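By letter and in written order, the chains are A, B and C; residue numbering begins at 1 in each of them.
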Amino acid sequence: MTASLSKGINSFKEVIDAPIASFFSSCVHCGLCAEACLFYTTTGDPKYTPIHKLEPLRRVWQQEYTLLGKLGKMLGLSKPVTDAELAEWEPLVYDSCTMCARCAMVCPVGNDMTYMIRKMREGMAASGHAPAGLVGASTRSVEIGSPMGVRLPAVKAQMKHVQADTGIEIPLDVMGAEYMVLMSSMEIINFPEYLGAVAKIMKQAGKSWTLCSEAFEATNSGIQIGASDIARVLVQRIVDGAEKLKVKTVISPECGHAFTALRWEGPNLIGRPYTFEVLHILEVLDGFRSAGLLKTTGFEEARLTFHDPCQLVRRGGVLEQPRNLLKLVAKNYVESADHGKMNWCCGGGGGVSAIEEAEPLRLQAFKIKKTQLEETGAKTLVTACANCRIVLEEGLEHYHMNIPVVGLTEMIAAHLTQEKEAR
Amino acid sequence: MTHLDLLTFARGSALNWALMVFVAGVVLRLFEIFSLGRKPDFAKPRSNSPGSGWRTMFTRSLPAQGMMKHHAVSYISGYVFHAGLFLAIFFLAAHIAFFRSMTGLSWPNLPTPLVDASVVAAMVALGVLLAHRLNSPVKRLLSGFGDYLAWAVTLLPLLTGYMAYHHLLFEYTLMLALHLFSVELLLVVLPFTKLFHTFSLFISRWYNGDIFGRKGVAS
Amino acid sequence: MKKTPHPEVIPGTVGEGLLQRGVTRREFLKFCTAMTAMLALPPAMAEVMAAAISKARRQSVIWLSFQECTGCTESITRSHSPTLENLIFDLISLDYHHTLQAASGEAAEQARMQAMKDNDGKYLLIVDGSIPLGNPGFSCIAGISNHDMLVETAKGAAAIVAVGTCAAFGGIPKADPNPTGAVAVSDIVKDKPIINVPGCPPIPVVMTGVLAYFLTFGSIPELDSLGRPKSFYGDTIHDRCYRRPFYDQGKFAQSFDDEAARNGWCLFKLGCKGPVTYNACATTKWNDGTSFPIQSGHGCIGCSEPNFWDAGSFYKALSMPVSMTPSMLGAAAAVGAAAGVAITWHNRSTKAAAKAAHEKVTVQELTREEK
């Protein structure tokens, strides 16, 4: 069995629902979504207009699910969706859409283009029009356990390092722990500070927590490539791990799409509500803060700003928590223009950072982030998504900007009162 | 056939059929949309969300943060057009008489010169929007026959109404008949083109608000 | 006032008749001045008209009445104020008219035949009433069907004046369902100039004005596309209505006895057809310039327009549907819903089929064979 056009079209037919029908019915072709898209605004190329990226899906809707479209199809008047067309659309549906949903916030008739791109990718994947980078990541996720090919021994090695650094033992597979902590591959490989930070914070708060040897990876390539069948396999691992360990809460790490996958898509992928709660690490930290379990000392002096990860903020609802936490440790915190739910994407979300061919475009799109940052005059950039973080670092390096990018959890951990006293 | 006969036909059978196609078409299109259903969402929605479908249904009438400044042409001409059209449809005394005869409901009318001015403003705005559609690369790419058809059938009732009122081109009876025919064309075309957004935008806005609202975001 | 004698009174002319009846030149000139104004002619034409009519022989007129109500005749006979309008009967020789002539039976028909013979090619034919084509027996005079009498009499006429909406456009007899198959004069006579003077009834002065024009110039006045003299039917009632400013301001009476109606606001919403009715009521008015329907508080019913009887209720505003009922919309909604149910079934089966045809996507199947 291989991917084929008919499988793709079949997928389109499967995913089109009432919201999509209402979105296509309502579109008046005003083009305002283009103005919200970082790829259009930085290139000026009209093909990056969000609603245009959905044209093949629109035609399937029109031909299969509307009276006039059905008649047109019967009379042979309609233009069928072809393989060549889907191939042409691949860079539009994947390379130039980070699923940031900024367009969904501005559309006057309320169309959620990201909702549709997510669904359209089902058909793109089923018809074999997904980019090689995402196919590779998905394959590694399913076959190895992580999109970057990280296996359990690597996690264990990092646990040891952190134990040595902090003197705190990292719990693994602890039954009945309150929290089960997940990580993204990016954190395991590039940002080991995260695990240490979590360990310190948990210790100060006096909470029981654990890693899970069968489900340490939070990311979900299935969501990015748009194959629910694959996403389901990956989410199931976490659900199984959490239910086996009987934890109360699973903590999604500093990763945007992992949060979307686990928090919002997961229950629908497995077809039932969870028996546990899912929180983003910032939600947990802000909960600790308001419960008085997070005591910090000292402030960051540098002028700093926060990059809102799209999946966490605009599409995740974690909006106030990062601000509350930043106020604890930062004196000179400034908001950028268009912050919060109108923030501009880093350019690497929605799997784009895993698509090699998309890199030049992604770097071009970074210009908008660059301008936004420059306007704040910030010397440090804080964020709460490892993918944003690596994409931001690459972008800043490309444009020769010397601004460090820091994870918020680490920054909080660095100011824990307990830690200062211990020294 | 004299002009009065034409007008009587326009007010009679033609109007009846146009209204019936319109009503049947709108109902059909609503079925078309809702028939596709929506899967239940098993993800626990956030409590105390600032957003909801109902909220977005209304708030989306305002420009999103930061958009007005950069895209004033689309926004301002869009508002002027919609406001002008709305005033003309619902606040010209003659039109209120139409609605009263259909529904029994009546409300105060605006002074005719005010409605006249709003019609002119709406037509100017439509002109600007067309020019923008033809000149903006994004809009040009998105536009097809349906967009220009929708533009034309929307302009015609405004234009013929204006011309009838001001006794331009043809004598009043004929112009009034043409005005009615243009309205009937609009009624027949509306359910089956993008003009259906008149109805469906409330549905799409609701879904948008609901999708984001469940996640704790006011969209 | 001293009576000035008419100059150059030629025996057998209108001028002689006027003199005999004691009509002064001043009075006659006043009449002609009024007529020229009415016909929208230059003021200097009053003298010309006076001279022309004075010298003219009394015009032979045959008046045929078909399917009619005698309202038109009533109207013209009540035009005795101003008194000079009565003069019109001195200007013409009304050789045949059912209601007004003294003769009856054979003698009456004889008078018509005589007039036709004596004035062949010169007499003026006035018709009121529509002509039934459904069955000649529907309306006959002296055993002659309306159709045959019209055709016979029209043959030698110089021109025809179709007086009243029935003769001009078919009028009420022609209204749906038109049981007699009524038609207008112009539907039958094609080879004679026809002047339509519609109205139910027409304004008296409009009828006399048309006659005066014919006597003065020996031709018919300029007509519009419906054969009506432009000078009387050039504007709509609405355009000349004294209540027009209220329309322009959007001030309307909502019912016949509300405050707005008492204030004389526009009657559009109460069904006034003034905007689509071409006639002179708003300027000449009726009964010696006393009033006209709108001034008396009732909307114009559009009686001088073709098919006015079938143009929707007199009490429905022009912007209201003629025959729409809520049940039609209900039926349309039901049809839409039925079609909607059908398309729902079709859409659901399409989607169910797609679901059934779903093949699980695995990582091995993300690429295409040929790729």
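Structure notes:
Following the convention adopted for this analysis, a residue touches a chain if its C-beta (ideal position, glycine included) is under 8 Å from a C-beta of that chain, and two chains touch if they have at least 3 such contacts.
Keep in mind it's a predicted model, so treat the numbers as computed, not measured.
The central chain of the assembly on a C-alpha centroid basis is B. Distance from the centre of chain C peaks at A, each centre being the average of the chain's Cα atoms. If each chain is reduced to the centroid of its CA atoms, chain A and chain C end up 77 Å from each other. One finds 40 Å separating the Cα centroids of chain B and chain C.
Chain A and chain B have Cα centroids lying 38 Å from one another. Residue positions of chain A touching 2 or more other chains: 16, 65, 67. Within chain B, the positions touching two or more other chains are listed as 28, 32, 34-37. Looking at chain C, residues 339, 343, 347, 351 sit in touch with two or more other chains.
Chain A makes touch with chain C in their complex at residues 1-4, 7, 10-11, 13-14, 16, 64-65, 67, 70, 125-128, 130, 135, 138-139, 142-143, 225, 227-230. Taken in their complex, chain C has these residues touching chain B: 226, 236, 238-239, 247-250, 252, 254, 268-269, 275-276, 302, 305-308, 310-312, 316-324, 326, 328-329, 331-333, 335-337, 339-341, 343-344, 347-348, 351. By the touch rule above, chain C contacts chain A in their complex via residues 339, 343, 346-347, 350-351, 353-355, 357-369, 371. Partner chain B is touched in their complex by these residues of chain A: 16-23, 25-32, 34-36, 40, 44, 46-47, 49, 51-52, 65-68, 104-112, 115, 263-268, 270-274, 277, 313-319, 337-338, 341-342. Interface of chain B with chain C (complex): residues 2-5, 7-8, 11-13, 15-16, 19-28, 30-32, 34-37, 92-95, 97-98, 100-102, 106, 109-115, 167, 172-173, 176.
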